[in-house]
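The two complexes that follow have subunit A in common; it is paired with subunit B in the first and with subunit C in the second.
Right after this comes the complex of A and B.
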């Protein structure tokens, strides 16, 4: 049964039965994901989402995947609107191109929740709320991890850092880079960022970039990579070149990053769980439908993880 | 020995315009950053170009035979993922031949469609590009594939090892290039590849079994892709499902840059190697110069166009021609 109609009906029928009666009705929540299967994060996310939806007996989920294709995602949005789902969760394939489809859902009275990576600002009017990691804070926290380590080592006044970013043009890449670039000079004003190049979220590409950095600079004390996959690529390059003592800090702790931390080769990262991400998206959608007053931006916490505190965290499954 | 006459030099330029372009870039980058010619850097560039290079060798055969292969990128992802997965399941000694067999089967399938069913190679391999990507994702369940015991496996020798100071990927690339170069230039099979791509009908009337030649080219391409997958897997001992994504266009760019004609019938292994090296050195050189990366995309394009122009200008003996 359609949740919105149910809600309207219940409210009209009896002012005596307080809202909770409507909540007992099934709500249909559609999700169109970015590209399941392209990496382990997204694969784990989808599994966790389906599990969370099954665990909630009031939720019926329609799970779709756009396969990274903007056109397909827009078509899926239209399908979900046709099916009159109660809410739509979208993991945008592209922050700009999906806005018209989001607007269409909004105009049809279906609340849209954006998950993981936000759409562009001009579409905010059509979005009920965003749920995901705060990438600017992640970048800042990585800068703090790096700076704290330099202070421990006593090189906070002279250290030189290179920076490997995600794919140019991607919101997550831009935000993490911005957080790092802004925060590092605040906490460690004398640390110099000597170069910044994209590794495109790709381990092999990142390894190539790092190889060039190693040739170009004799002194590199720290490497910040936009995620652990690239961080490990950079680490591989440093190991192959026999350069030791470099501090590697990443983000989105992957299993390979966690293992490198266990071996003592990789200093720290940001712990971001796709399971938390998926659960937060579903929770945000459910609470929106329940009429709770939510902030526009709902961030789930992504704590710092380093060799010092990694025992508190399970090894990532992806 | 005869003295070098102007005509000899002109003749050399006409044949090796791309080499001249290559030399010019090397000089340019060296002036921009003195570390460019550092032996470590040179070796590093060749080593990281080796993967692309090995793939380009195979695609050279396919292109000369008058066809295209756009599936090599996703096929390389497939080989990489498969060999990494099987490494932990059945051990490296079994995993490598198993991966080669599977990749060759894919190549044989493509070859069958193009050579025997006479389907358009662009459509077939474009379709296979996404089909093989789907196959890889299904195989891995979308997860990154990593070797559990990274320190204790001899499997890393292909991507990370050294023999007499030269890294193994470079040796494999050069050996394969030498072998395939001889196969293409000095054997009856090689001449058949040229004749099929140059004028297929004439080749058929001359008794060349066209389908078999085209089929063999796809098998060679698949073999090269499997080798590239092996190098890739061994180099990083772990991989995303999309590791080869987009490489098909870089490979094609290297082959065409080397002077092979998209219409078939011309090109050599040596020039493909030069094309690969030009692409590798451009990427590296721009990183060393430290240009902002948004600009790098544009500059890369400008350099490629310059190279192609120099190559053509050398062939016709002047920089500019009023007649196409």
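Right after this comes the complex of A and C.
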């Protein structure tokens, strides 16, 4: 009798716990992305994020896209705060302009997770966690890939490099450029960077920038582009102009970059998966809400990939 | 009943009807599609709507005058970015050191001055060369954007001043600071267009420039003043927005000219000039922001939003043309 009573009580208590846990565990997570559709990385990221959110039955996601417009992103932050979501993930359009909006969310008691590209340091106090790649290291690694190749070719004392950066004002672009600019003279002090222009993460824009470089400079040995999308744009410009022997190094290995590497036209890149990126962001948000202790900077690893070791990596899906 | 009265009412009322339709549609659709528990027509959400309309809305008021005038200004986005840079950068200039937060007013003044000067340059070229405003301001759009990039390369220009942010985020009588600016600008420009000689001249010039010249209106200086007004308002919009965000990307404000023109046209202002209303422009601005907000509320993505706005714009222009044709035909009979 006592036994049965106790059993019933325990079962009821257990049911109650499970019931309340299920209610408490349904979290609404809002995300405002930078510019979906501008390149295949961001498009794949969004798809992967939605899939990951659907796979997790405790998560309801509000997926928004700022279309590259700071004003719209701030408006979306305000909307998410007003809708009282449990956590906000932001892929900043401008690492500084969104700080007041992030502070607003912080003050409203909503944890903010920054994804892919971090906001400026002044805003760190209002951010729960950052999830994304280490872009300075990526820039450095690209510089090393380029320098190693020049050494193999025996032109490390005379090579001239041009540099195509990402969207102006965008932290990823600034950090990768900084990593590359800092590291290249350290490993290859005699290689000269002769020009640097923004390609806005856009293949066509990058192609135009490269066309201008080719007209302006007779001697170009290497091209560093802030991502493969732009790198392939530059490669196309060089092919159209019939200029051969240029070493192309990018970052964020895209399928087009991977294919160009297979053809032997493109030397190397940094392997970064938007699927990992999206999953890491959602995981960070969920774990923050679960109250887990997370490091402030949650990097996922992005290794070097060149024609020599590309067999170890699957072709990117984007 | 006078011929064309119905079409006139239809035209001026259409934008408000559209807004009501949007509100009903998104409220109903939001019940089924939105993951948010809050209603779309929540008071806070509506207050945010006006606040978020401010950057485009303030410029749209100026664009209405310029378009009523029979001109257009494509350089507002670049002016907006340049004024923002001047405002944020001047706060760190060493000559203003030691001013404390009073430097904010100096920075605002300089930004607004920048807008007026850039507008005056557009205006004086249109006046003195007689080149179409479309071409002049297209050149200015590229040129001013060039200045933006020359200022700080591809880097963003930033200065985060929390006093300024707190002011911009403040709510007075429930309305956000940007909303107040939008309302004041709307009221001021409405007064200018409807209660002053300058406003009546703007309509006269847009209707028939020859006749306006013959009537003794000094068309050149008049247009220049209007370009200075829109330059001022583009800068004011930047002042209001960047007081809150504190950092400007060199490509900020790109495509703003098109959003502004879309809002003005949605409000019923004619591209050929001579007709347009400030209040309807306000409606056009609200309608666009409502559409953006509403589609996001029901879970549509940004590309869908742009597609829908594009389709509506074409529909509005088509409707406008049909109504005008009708009106003329009836007059002939």
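General observations
One rule holds in what follows: the second predicted complex is superposed on the first by the 294 of 318 C-alpha atoms of A that agree within 3 Å, B and C clash if a C-alpha of one lies under 4 Å from a C-alpha of the other, contacts with A are read in each partner's own complex, and residues count from 1 in each chain.
Simple rule for what comes next: a residue touches a chain if its C-beta (ideal position, glycine included) is under 8 Å from a C-beta of that chain, and two chains touch if they have at least 3 such contacts.
Note that the structure is predicted; figures quoted are calculated from it, not measured.
Taken together through their common subunit A, the two structures put subunit B and subunit C in a clash. By the touch criterion stated above, A:168 is placed in contact with subunit B and with subunit C alike. Of the two partner chains placed around the shared chain by superposition, subunit C is the only one that A:28 touches, whereas subunit B remains out of contact. In the superposed model, A:82 makes contact with subunit C only, not with subunit B.
Contacts of A:212 after superposition: subunit B is touched, whereas subunit C is not reached.
After overlaying the two complexes on the shared chain, residue contacts for A:240 are found with subunit B alone; subunit C is out of touch. Once the two complexes are laid over each other on the shared chain, residue contacts for A:276 go to neither subunit B nor subunit C. The partner that reaches more residues of subunit A, of the two candidates subunit B and subunit C, is C. Touch criterion met: A:39 reaches subunit B, while subunit C stays clear of it.
With both structures placed on the common chain, the touch criterion links A:100 to subunit C but leaves subunit B unconnected. By the touch criterion defined above, A:256 lies against subunit B but remains apart from subunit C after alignment on the C-alpha atoms of chain A. In this superposition on chain A, the options for subunit C are 146-154, 164-172, 272-280 or 290-298, and subunit B clashes with just 146-154.
Judged by the document's definition of touching, subunit A residues 36-37, 168, 198 lie at the interface with subunit B and also at the interface with subunit C. By the touch rule above, subunit C contacts subunit A in their complex via residues 35-38, 42, 44-45, 48, 51-52, 55, 149, 153-156, 158, 160, 165, 168-169, 241, 244-252, 292-293, 296-297, 299, 301-303, 306. For subunit B in complex with subunit A, the touching residues are 33, 35, 38, 40-41, 44, 48, 137, 141-144, 146, 150, 160, 232, 235-236, 238-243, 283-284, 287-288, 290, 293-294. On the subunit A side of its complex with subunit B, the touching residues are 36-40, 42-43, 168, 195, 197-198, 202-204, 207-209, 211-213, 215-216, 229, 232-233, 236, 240-241, 254-256, 259, 318. Within the complex formed with subunit C, the residues of subunit A that make contact are 28, 36-37, 60-67, 70-72, 74-76, 78-79, 82-85, 93-101, 103-104, 120, 122, 165, 167-170, 173-174, 198, 200.
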